[in-house]
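Shared between the two complexes below is subunit A, which has subunit B as its partner in the first and subunit C in the second.
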Partner chain A sequence: MHKEVALGGRIFTPVFVGMATLVGLMVIALGFRFILGLGAVSNMSDGYPWGIWIAYDVVVGSAFACGGYVMALTVYVFNKGKYHPLVRPALLASMFGYTLAGASVMFDIGRYFHAYNLFLPWKINYTSVMLEVALCVTAYIIVLWIEFAPAITSKFKLEKLTKILEKTAFFFIAVGVTLPMMHQSSLGTMMIIAGEKLHPLWQTQMLPLFFLFSALFMGFAMVVFEGSIVSKAYKLGDETTILSKMAKTAVIILSIFILLRVQNLLLNKQVANAFSFDTASITFLMEMLLMCTGLVMLAIKKFRTSPRYLFVGAVLILLGSSLYRFNVYLIAYAPMIGDWSYFPSIGEQIVSYGLIAVEIAAYTFFVKYFAVFTKH
Partner chain B sequence: MIFTKKNTKVGDCMDLTGFDNIEDSLPLVERRDFLKFCATITATLALPDTATAEIAQGITNPERLPVIWLSGAECTGCTMALFRTTHPTIEGMIFDLISLDYHAALQNPSGYAAKGHMYDIVEKYAGKFLLVVEGAVPLKDGGIYCRSGGQNFVDTLKKVGSKAAGVIAVGSCAAWGGMPASNMNPTGCVGVKDVLKDTRVIEIPGCPPNPYNLLSTIIHYLTFNKFPAVDHKNRPLFICDRLIHDHCERRPHFDNGRFVREFGDEAHRQGHCLYHIGCKGPVTYGNCPTMQFGDAGAGCWPVAIGHPCFGCNEEGVGFEVPQFEVCDIIHATSPAYHPPVVPNHKKSIGAGEAALMAGVAGAALGAGALFVSSLKSEPIEDNEDEKA
Partner chain C sequence: MKRREFFKNSLKGVAAVATVGAAPLEADVVKEFHISDKTVGILYDATICIGCNACVTGCKKANKDPQEIYDGEKAWDKPYDLTADTRNIIRQYRHGTAQTKNEIEDGYGFIKGQCLHCLEPGCVSACPTSALLKDDNTGIVKYFADSCIGCRYCQVGCPYDIPKFEWDDWYPEIVKCQLCDHLLEKGELPGCCSTCPTGASLFGPVAKLREESKRRLLLEEKDKYTYPVFSTDSGYTLVHKAAKYIKHHYGEHELGGTQVTYLSAIPFEKLGLPAYPKKSYASISNAKQRGVYSSMLIPAAVLGTYSFFIRKNMIEEKEEEKRLLEESKENGDKDA
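Right after this comes the complex of A and B.
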């Protein structure tokens, strides 16, 4: 059996300090946001009510955080026990990813102090897909923390609690592999409602399926991405063999995604739009090119088993699929009436970079303080 | 069937024996369609539905009302509009409900055969026939600018009008002079009321008027032997009791300050208020928004199709005030300035914003490249194919 250990070592490394500085800047920007309001910090408007705080931190960020979901799916549902060493690191990244996505929503909504109404059943609009996302993401954040909790409780020697958590783990794991399917597909459903505001290259009834599929292969690609970095950074030994198998799974799911996507474009008669070389067409082609290059790279065994190209392939897939999600939520979106434009302000960017910094800083702290990794 | 021969109580239902009188002359009209027609007329007049029975009996009366239709300085648009009515076959109905004894544009005979018949009717039914006048009356130079049958129109009108039981001036021209009387008025055109000063002239203005307004007025006369209630300009109240503005389907846009500024702009495409491109709805009385026009269904009157009302129902407005001049508001004044319908929110990308993003992207790319170069590029020939 694998046994996770805390890595130990210095907490205040240069990376940690750098990240903490970024977090400090974010806190200042958020101070302005909460004291002076959204308009003082962000470029969001009535035309673009969703900026990068939603498009990046929630939509792309939560897909990046699907590593925990796909690993739980692989290990517990498909019963591939040998991948167990990858579960806890992926879970940790997912936990921060989702928690910060949830936090980002709180920055983004104008009257955050009304947010508690989401959880009062008598105030709920039961037909809202946004509600589904909000409740489901909240539930999933809680589940992720419970799933990770044994690492924390065992650190503080809370034997009884650890035992209870381990005994009930099956329930939370089961919930944990169900919830992302719900809200990741709902993230796609949300933009179906946008109707003609979304460019026809992306607008389709298939959006929920596309978002679910992209969450899956982005999760696997993220496991490869994180695994490559941490195994090198913390000298955990070579993990290429196990990671390349994750890459193989990503390739299968990504090929299905691309097939469905192309078939859907043909059905919707969007081929001419795809090659019209306007802004939409160019971003579409970029997105497809990135994903396909990554796909081809990881499909070839020679590249897949090379640590360098394995990493590059995973990054290309992540970039392509992030661009896909950015396109759906921001770039290919145009308000119906009026001349509106949006580019993230410095304040918005600082908050988004700060959230990434929180994630990295917390990750480095957690892997040193709690038992996350399995040493070879 | 609600209407049966057994039940003859007028008010609840009707005795349909009257229909037999006209059935032969209306081979294509079924009893049911006929009753629907009567109900439509009743509704247009805003009468209680019990009046349907009375109207049906008035219509089926074998003694048909003689009607003489005189045409002055006009374009025949009113006649054309009348004969575009459809439910149920109005052109057939109108000849059989009334006895249209003279209509220059529709009759077959000409010359003395026509004029002679007209004067026969005028003599025979003196004080009993209905006169409908379409078109203005030129008075300049003794009225020589509109002649027919060797007689100036003004003289014909005086001769016939003095013996009519009732006079209906149909269209803006007959009402006050309309288009021929517009600024300059080279032929000195006036309305019928200025010629037949001793007779009460019912006016149904409009260019052209809604044919159902005329039809309803005539049938009201047929049924009750009197004209419907009128306003101070002798226009039937069922037509002109409210401003077009008050019932306009675009009124909410007016109230919310959403105005079209020019034809084809975004507000125009969105169907916003036409006030600022000269709509005269706020100063014109009429039932256009509720009646619509021409049986083409909803959304088929000038304002609905996107053109401002030009006030053809209102003397001193239609053909007087320039078409695109903004009129005053009778009931409430709207502010002169409103926020634009399509505000420009375009912001150029700030140099700092772009630089920050480019910097971060560049740093990430650099760090990535550095990291990639530190990774081994040779394949790890491990145990990928090993079965777990």
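Right after this comes the complex of A and C.
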């Protein structure tokens, strides 16, 4: 049996204040963005219409936020009740991860006052992959807050509401494990229309499946990553045993991913491209090397059960798979015509750091104020 | 036992989603478009273009786009490339000494950059809010700012890098050639075609333009040919000696075909027109999207299965908790 508790303690820690400073800088950068236009603060261009606000904050960020998804799958669908203590922390991180991905989109789109068009049935275009992602992510953000809501309502002693939430929980959890499957695969489908602008090492009809698989193993790796940090930071006790089980699942899914990816590259005759040692080849090899090193490390029981190597292995997997997603959206993307290049501007970076800071600050506040962790 | 079955079934589900990708895909666009008499376009013949840039100025006049100067020569309107202020551009091909027109070696040539008005447009397929639509009659791909959210997926989805974004505007729009449909309504020609002195930019119904290009591709080098100027039915003509055409009508089949098409003596790839397959990326993306979501059957089935098992598991867990609680109570009683 488990019971989550609020950790309590000082809210305004040095970490919290540092994060608040970053958020302040972000607000200034956003001021320029909203008054002067996207060109004033970003290096995005007609050649590279999407920068890190999409590639990092949405595409990589939402995969980092798949911890809630995979824990819900593990505990509620596959009925592994013993992992219950990991659910709420993962859910909280997912909630902020997705909410801030949504915020990033609102900063990124040029005509935000028209964003409501996405919800007008006579305006929307059903063949647009972007539409599927937009609607699905919006719905998922709402579902994540509903899933977390019992922690909030019980804090404020809204017993009736808590009861209703508990009774309907099964449905929202089911929606919550369906939606990520949809939009995470769609994030892959999204780049199919880019055609030859995406390097053949990444452009494939398997993109949706690759993105779904990467979301899954990145979710498990993130649970390990976050679990390792918070169990130390908040002295929750040793969680290595339970986290190494999650790492094992990540290893299985990642192995399938790598097998499928290699097979796909062989089928598409991309071996020469993979080892041509140009920019694309090097970033591809880096991506593979990071993932495979992490995979091997976590596949070996001795390493997996050591807190240090468990953490390092998860980080390697997360780095490699982030690079995979970065490659698909930015590094391996090149416009057909003209000389274009892109590197995120200081302004773009400040906004992305600011969003991460919001996430960390809000997380540290929530775990102290609401019942998130299970104390041993 | 049950759980194993479920596991199997969910794997089958994943496999089904995956095979949508592997199965051969039918071409399938937002709304299938067929060329009719009312479908209009431009035939750009690079061999007779003299690079005078009159069409660039004509386009700006017609669309009230501001001047752009990139090299400080204030006397000339000289945009560097397509931008949110320039919907039409003449690019130059140069090689070596650049002495002979229409030659690859030591030669030069021109190419017009503008929206090709695809028959299976990537931008229309990509746009989440139908801000880019293909006109049922003219086939012109039009932009509607009122619907646009500024997500720029059209820029990613366009195989010719045509839609441009107003990066320096606080509330930007997408800008692209709309074949001067505002002038066509008044019975006038697009700004680029009405100003082209040689007939290199020729306006007309797509069907007629295709016949015209077929005739030109039959010409031998130095054959005399009467080239229509401005539009296919303007009545104005000029006689030029034919260049050595590459025997290919670019845009007839590329990615499903386009309404703005090209003829040239210099290979199209050297002019920035990629060698594309017949099948459009838009149709592949659409088919994938429709395969999974057209009836919402797959997501609904997945949601149903998940709901059933989650509910069952949660009830079982509650009972288990109750049992444990009672057990511990009993134990407590015994201890007491």
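The criterion applied here is as follows: the second predicted complex is superposed on the first by the 376 of 376 C-alpha atoms of A that agree within 3 Å, B and C clash if a C-alpha of one lies under 4 Å from a C-alpha of the other, contacts with A are read in each partner's own complex, and residues count from 1 in each chain.
Note that a contact is a pair of C-beta atoms (placed from the backbone, for glycine too) under 8 Å apart; a residue touches a chain by one contact, two chains touch by 3 or more.
The structure displayed is predicted, hence computed values, not measured ones.
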Quick one: on subunit A, after the overlay, do subunit B and subunit C clash, or do they fit? Just give me the call. clash
Once chain A of both complexes is superposed, is A:Thr240 in touch with subunit B (first), subunit C (second), both, or neither? first
Determine, under the contact definition given at the top, whether A:Lys232 touches first (subunit B), second (subunit C), both, or neither. first
In the overlay, answer first, second, both or neither for which of subunit B and subunit C A:Gly338 touches. both
Applying the touch criterion given at the start, work out whether A:Val315 contacts subunit B, subunit C, both or neither, answering first, second, both or neither. first
More subunit A residues touched by subunit B or by subunit C? C
Is A:Gly110 contacted by the first partner subunit B, the second partner subunit C, both or neither? second
If we overlay the two complexes on their shared chain A, which of subunit B and subunit C does A:Ser45 touch? Say first, second, both or neither. both
Looking at subunit C, which part out of 207-215, 279-287, 297-305 or 315-323 clashes with subunit B after superposition? 207-215
Note: overlapping subunit A surface for subunit B and subunit C spans 45-47, 337-338
Tell me, which parts of subunit B touch subunit A in their complex? 266, 270, 342-347, 349-350, 352-354, 356-357, 360, 368, 371-384, 388
Once bound in the complex, which stretches of subunit C touch subunit A? 3, 7, 14, 17-18, 21-22, 29-30, 81-84, 113, 122, 124-131, 145-153, 155-157, 159-161, 164-173, 272, 274, 276, 281-282, 284-286, 288-290, 293, 299, 302-303, 306-307, 309-311, 313-314, 316-317, 320-321, 324-325
For subunit A, which residues are in contact with subunit C within the complex? 1, 34-40, 44-47, 49-50, 76-79, 81, 105, 108-115, 117-118, 120, 123-132, 134, 169-171, 173-175, 177-178, 181-182, 185, 189-197, 205-206, 208-209, 212, 335-338
Sites on subunit A touched by subunit B in the complex: 43, 45-47, 80, 82, 228-229, 232, 238, 240-241, 244-245, 301-303, 305-309, 311-312, 315, 337-341, 343-346, 349-350, 353
